[in-house]
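Below is one structure; the comments refer to it alone.
Chain nomenclature is as follows: A, B, C, D and E, assigned in order of appearance, with residue numbering initiated at 1 for each chain independently.
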Amino acid sequence: MNAWLGILLFLALAVAFGLLLGYAAVRFKVEGDPVVEIIDQKLPQTQCGQCGYPGCKPYAEALAKGEADVNLCIPGGEPTMLEIAEILKKDPKPMAAEATEPKPPMVALIDENLCIGCVLCIKACPVDAILGATKMMHTVIAKECTGCELCIPVCPVDCISMVTEEVSSKNWKWPQPNSVTRIPVEVKAVES
Amino acid sequence: MHNIYTSSPFAHNNSSVQKVMLQVQLAALPALVVHLLLFGYGIVIQWFLAVATALLVEYVMLKLRGRPLLPNMTDFSALITVTGLVFCIPPESPWWVVVLGSAFALIFGKHLYGGLGYNPFNPAMLGYAFLLLSFPAQMTQWTLPTELTGLHRPFWDTFQVIFFGLSTEPEIYTGATPLSLMRSGLHEGVSAVNVMMSPILGSGWFGLNAWAWVNIAFFIGGLYLLLTRTIRWQYPVGFLGALIITAWFFHTLNPDVYAPVSFHLLAGGTMLAAFFIITDPVSSSTTPYGRLIYAAGIGLLVYVIRNWGTFPDGIAFAILLMNIAVPLIDRYTQPRVVGHSR
Amino acid sequence: MSSLWQQKWQDYQDIAQKGLWNNNQALVALLGLCPLLAVTNNTVNGLGLGLATMAVLLTSNILVSLIRDHVPSEIRIPVFIAIIACAVTVIDMLMHAYFYTLHGILGIFIPLIVTNCAILARAEAFASKNPVDKSIVDALFIGIGFTLVLIVLGALRELIGNGTLFDQAWLLFGDVAQNWTIHLPDSYNPVMLAILPPGAFIALGLLIALKNLVDQKVKKTTLTAIPVEVKPTS
Amino acid sequence: MSTKTMRMSQLSHQFLTKLSAIVPLAKHWLYKFHGGIFPDYHKDLALKQPLRQGYMPKKLILPLQQHMGEPATACVKVGENVLKYQVIAQAIEPRSVPLHAPTSGKVVAIAPQPLPHASGVAEMAIVIEPDGLDEALTNPLQQDQLPPNNKQDPIAAFKHTILNAGVVGMGGAGFPSYAKLPNQPGLVKHLIINGAECEPFITCDDMLMQTHPAEILAGAHALATAFQIPNIIFAIESNKPNAIKAVRHAIAGQASNSVVKVQLVEVATVYPMGGQKQLIQELLGLEIPHNKHAIDIGIVMMNVATLRAIHHAINLGLPSVSRFVTVSGHGLKEPFNIETMIGTPFDELAMLAKPASSINYSLIMGGPMMGVRLVNNHVPVIKTTNCILANPPEPIHQAMACIRCGECAEVCPVNLLPQQLYWHAKAQEFDKTQDYKLFDCIECGCCAYVCPSHIPLVQYYRNAKAEIREQHAQAALAEQAKQRHEARLARIEREKLEREAKLAAKKAAVKAQAAEATPKKDVTAEPATTKLSAREKAMQAAKARQAAAAASSKKADSAAVKSEPAAPSAEDKRKAAMAAAKARAAAKQAKQAQQSDKKSATESVSVEDKRKAAMAAAKARAAAKKAQQESSDA
Amino acid sequence: MKTTTLSTTMLRAAGLMGLFVVVSVGLLVAVNSFTQPKIAEVERQVMLNTLNQVMPTRYYNNNLIEDMTWVTAPDALGTTQPMPIYRARLDGEPAGLVIETIAPDGYSGNIHLLMGVFADGRIAGVRVLSHRETPGLGDKIELRKDNWILSFNGRQLTKDNAHTWAVKRDRGDFEQFTGATITPRAVINAVKHTLDYVNLQGVRLYE
């Protein structure tokens, strides 16, 4: 008798919760994905496409969908990779060998003696940081250049080079004393 | 690489960690002497054992952790840790007690956390708690003062006792400390006042027992540390203040069950804790008010554990518990920065 | 045909390795620590709880894997929990009947297996996404991995803290085990901290450290870390 | 304040002063701010010698950047002869002041020269070779030729003059003085004359107060008159009795003819009493709120040397071309104070003081507490240089782990928790450092001075501050890049739509023509509507173009994009993106190949190879673009 | 469209959950009915084993567990609650008693004891059922840790030897533990009081 009562009670509970859960599943479905925005904030916005996606936002979208690896952002380097892995709760992956460190900020510089005014670089620039018109000399707005290097390969006369900003009393930074205390995230295996 | 960018200031008041540590060691000397006079040579042997262990452990751990030996071996912090520990253990306990305790304190209390400056717990007290929990029998049998037993054991005998164990009946010259005496006395319904009358508690120089004299010696050393500004006033004031107030309150409430203030001040590790143990800056709060709260918390907990806990003295557990609370205390006691409203 | 079998074998090996080592629930995932820390003051207790956990894990993994296609996602957690709770209660009753004393010692930790997140985690992360055969292999090896940690932890703590090994083995193995107990010589002073709760944390911490050390050595790694050198500040 | 309470406070002050000789702790009760230290001052070193004047350096180096703010722009040419007081660099940017020739001579170079700055970087400077004649321009500031709108307004005239005279704060930071002052009268309640000079070794202000007290007061009065300041406080540390005497005498002498009575206050000797925040707290009991300036609470503080420069500018019409500098240190046999021209090289001055041994170590600009250790000793005195310190290097202490002893928090004059700041700065947890109010740190160095672990705390804070500033700058840049990228995408989208619309219009037109060519009576209405829709489309396209132009010029927001009609299907876009990505990968490979070639072929890589690789990459890219276009056209 | 999805989802969820719960609870009921008698049997056996530790089987032949009564004796048994007493009889004659008693003055609270007393007042055996004494100090009263508890075996309490029922420090016969005198004192006192009570009551306890 008691056993039957127990079964009945549990049945009632189960049905009630089942209804509730079914209702909640339909009504409180989460739409949209705020993760994209969060990741996009962390990306360096160079729009360089080195990740294989046509810009930072598309890469962020691919990451949010779980389609892309976390270690593709070359300009962001390891710090960005770690941040992305943290946001997506994924394991960090080692960066490609050349990109473990973020590069020093660089800007493109057009050698104005060589430029033939072909506008190819203007088309390539993802942030419209190159000024110029057909057959006219072009110039890079250094303040707005993200250093993505997309303009370098398209130049038919190789007149674009990347230059680092010169150290001046304005942008010089105090180094950390004995700054050798970086802790590695990934211990790389060496095949024996 | 020689770092060419060095920042001001280019002057220093010539203080150093070593000097601070040596100062503390120096201040512990009176207590060492009193201890030696009253309890025999045990403390000296234990101290050397502890220092030898500390040296060995430091060396091995630094090597294992791949850290340079030089500045780390000579900061004398291990010396202070084991000195604090040695005063807590019975002077004639077997040699492996102090060796295990020191090793545990330094390995688990310091090195596994990343070395000096990174340990959340007071290493000496961690070592002591380890010993107390692991070997309660050895840790609760205190050598009775030579005054009381009339046994002035020669150095060599003490040495043998520590290294090869006892040949004669232990009951004759080991017994309970005043705190455990009080505990068991009260337990059996003897009033606190009557326990105070017992021969162990009252006999000694000027009617004060040996443990009280060690406490007084620590108090004197502590005053020296206060005057040289090696330790902050908040620690002893907060700790002793809280202990005095609670002890006074309960004693006034019921003098039969609660021992008087003087008893609590001069028994167990009160003064050692007040001036030497809780003043360890690494594991304590770092803000001025925080230190006061931290020390007062320990005082309160010591009283609680002494009266209602499982072990007679609660110094170690009180300190370790407050160590856990330190980040919280620090968080909420940040001083008001100039130009900011509270 | 044989290549299919080979593929399966490969998968099983992979699952086994993960369960035993790479994704060991106690050492890597750090799941189910509450019972793990509480009962391992003795080898036999550890083994007992480990076996009970494994039995529950096996049952729940099989059942969850069987029903996985028929349960809508919104009620999967309650259903999994129901399965697990049911399995635990059955095992609790059986142990009560057949291992009375051990049941008394393990006490509340048997019913608490319900809340062992390792089991729900396997149901959710593995069994609900894999066929029955793989789920069985997973449950077995996750269970073995968990049990092994319990045994090692228990043995370590018992040996250090009590000076014995396999004490009370007869609770689990019956009277044949009456003198399985190994005693350390009398001159050994047991370090009682090891069988007290803090000892559990310290021992588990050391085990985890050991596992990481082994992983490092196995990989024949070179650290890219530069140890913190204290350089003169000039 | 009644005389009685004043007397009481004086008495207690005297008592505490005496007490502090016995009980060191009592020193802390002599002043109002938190913390502070009592270093060895060594002030008598340079004070033993009389003030030196009239030294004519062999060469003057005048960096265009002498102060905080923007550098001046050179307005002389190499080879040009200049006269004393002649403007050689103009203030073009805001927050900049002009630079004047300190003596007559010839401009021999305008080139980067090492700066007296911690980084040791070289920046543009004008190098003048003095001719020794010291020929001066008459009426260099031309105060009679004020801009018309400044003539009526005494404040504007005042600020204009000190700007033209190149007056900057000479105490340390070097903020252009005119920028510190408000534009209206009555906003300044207190003028504080800072004669505290709390850094060890430095005595140039002390010497100035002893020798030219009247000039300082004259500058203060000029300022007070122009800005209608009711209260002037002259603060001098108690360890400068001669200066106090001189200033008191000067005040007594001026009392009759001055508008405001100057109140002389002797403040306790403690470092950093001379800090702006600390001195204000000491004198007025006020704290400068976080992120605000002294002027926001009605206070202007001027260093004695700055006031003298103001006096020279306003009353004498002379620009700021020289200053008092202390040349001191244990490495010198005859330390001294000197009034020297801006631009005098450090090493020349150090040699004048008879070094005990050859100076093969770095000199320090400023005092030992906040000074800058120079990377290069051949740098010039600039307007903010108050001291040249030659202390031979001492044995190095190794930095040890922080033991959280809290000494640093005890001495911090702004009541920070340096140990916590250090912890987070070291771990590069910059958010946390800001929680602990990193930017309230005045870098006075008290914490590092007392640190038993010898941790270079200040450098950690400087590093953290620099990193945070850079992070902010980079975040701003990234945001800008993102906006520009989005604007560009929107523009491309719009252009494509326009093209399509045009194409459609054309097609429709052609169709319509064809339809007209073969007239069918029953469908006459149709071409008309087609035409209309074509025109509509064209108009839409035109509108879109306008919008695009407006948007791209304004960095359009994406909302505008969304309202555009008929975006291409997501499928197409993705295909294009993928094709582009593939091509990019190919390009990247090519580039990598090129790079590895570069590496293997050492330095001498033929231009040809480089070109080829670049071409290959470019081709790949072009292919990618084509693919993209194709797929989007499809 | 949407409402049908909602209701079908809800019904499906409810139905499935109901099904699962019914099956699960049914299974539990079945297992329970199967194990219940077994558990009761085991419990009995275990109880008997415990009793036999302090009252060996060779001294009695009645059903010890059934022959039980409750007594309340706050002074002797350390509690105001009634405590069970099991009566052992050999061929119907009183052979001994097994008494649960409490030492209320342990170092950290009550110590539950089980003691067997022969009809002649000799102690057959004492065991600790539960306690909270300090590990390593007071817990030597457990047979697993130390043989101390066996030192009660065969002892009697008479007027002459009452003073020997104490630890050696108090000039008695019993060993004390290093560092813990309170615990053995408490146990000795409890056994002494209980024995006193048993002697006083005599055969009345067998009725």
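As a convention for this text, contacts are C-beta pairs under 8 Å (C-beta built on N, C-alpha and C of every residue); 3 or more make two chains touch, one makes a residue touch a chain.
All values reported here derive from a predicted model rather than from experimental measurement.
Distance from the centre of chain C peaks at D, each centre being the average of the chain's Cα atoms. By number of C-beta pairs in contact, B-D leads when B-D and A-E are compared.
Distance between chain centres (mean CA atoms), chain A to chain E: 68 Å. For the pair chain A and chain B, the distance between mean C-alpha positions equals 54 Å. Averaging C-alpha coordinates per chain places the centre of chain C 33 Å away from that of chain E.
Of all residues in chain D, those that touch two or more other chains are 118-119, 397-400, 454, 456, 459, 462. Within chain C, contacts with two or more other chains are made by residues 72, 74-75, 78, 82, 192, 196, 228-231, 233-234. Of all residues in chain B, those that touch two or more other chains are 3, 5-7, 71-72, 133-136, 138.
On the side of chain B, the complex with chain D involves touching residues 4-13, 15-17, 19-20, 70-72, 75, 77, 115-118, 229, 232, 281-282, 284, 286-288, 291, 330, 334-340. Of all the residues in chain D, the ones that touch chain A in their complex are 65, 115, 117-119, 121, 123, 399, 425-426, 428, 455-456, 459-460, 462-463, 465-467, 470, 474, 477-482, 484-489, 552, 577, 580-581, 584-585, 587-588, 590-591, 610-611, 614-615, 617-618, 620-622. Touching chain A in their complex are the following residues of chain E: 5-6, 9-18, 20-22, 24-26, 29.
On the side of chain B, the complex with chain E involves touching residues 133-141, 170-171, 184, 187-188, 310-311. Only residues 105, 107-108, 134-137, 168-169, 177-182, 185 of chain E touch chain B when the two sit together in their complex.
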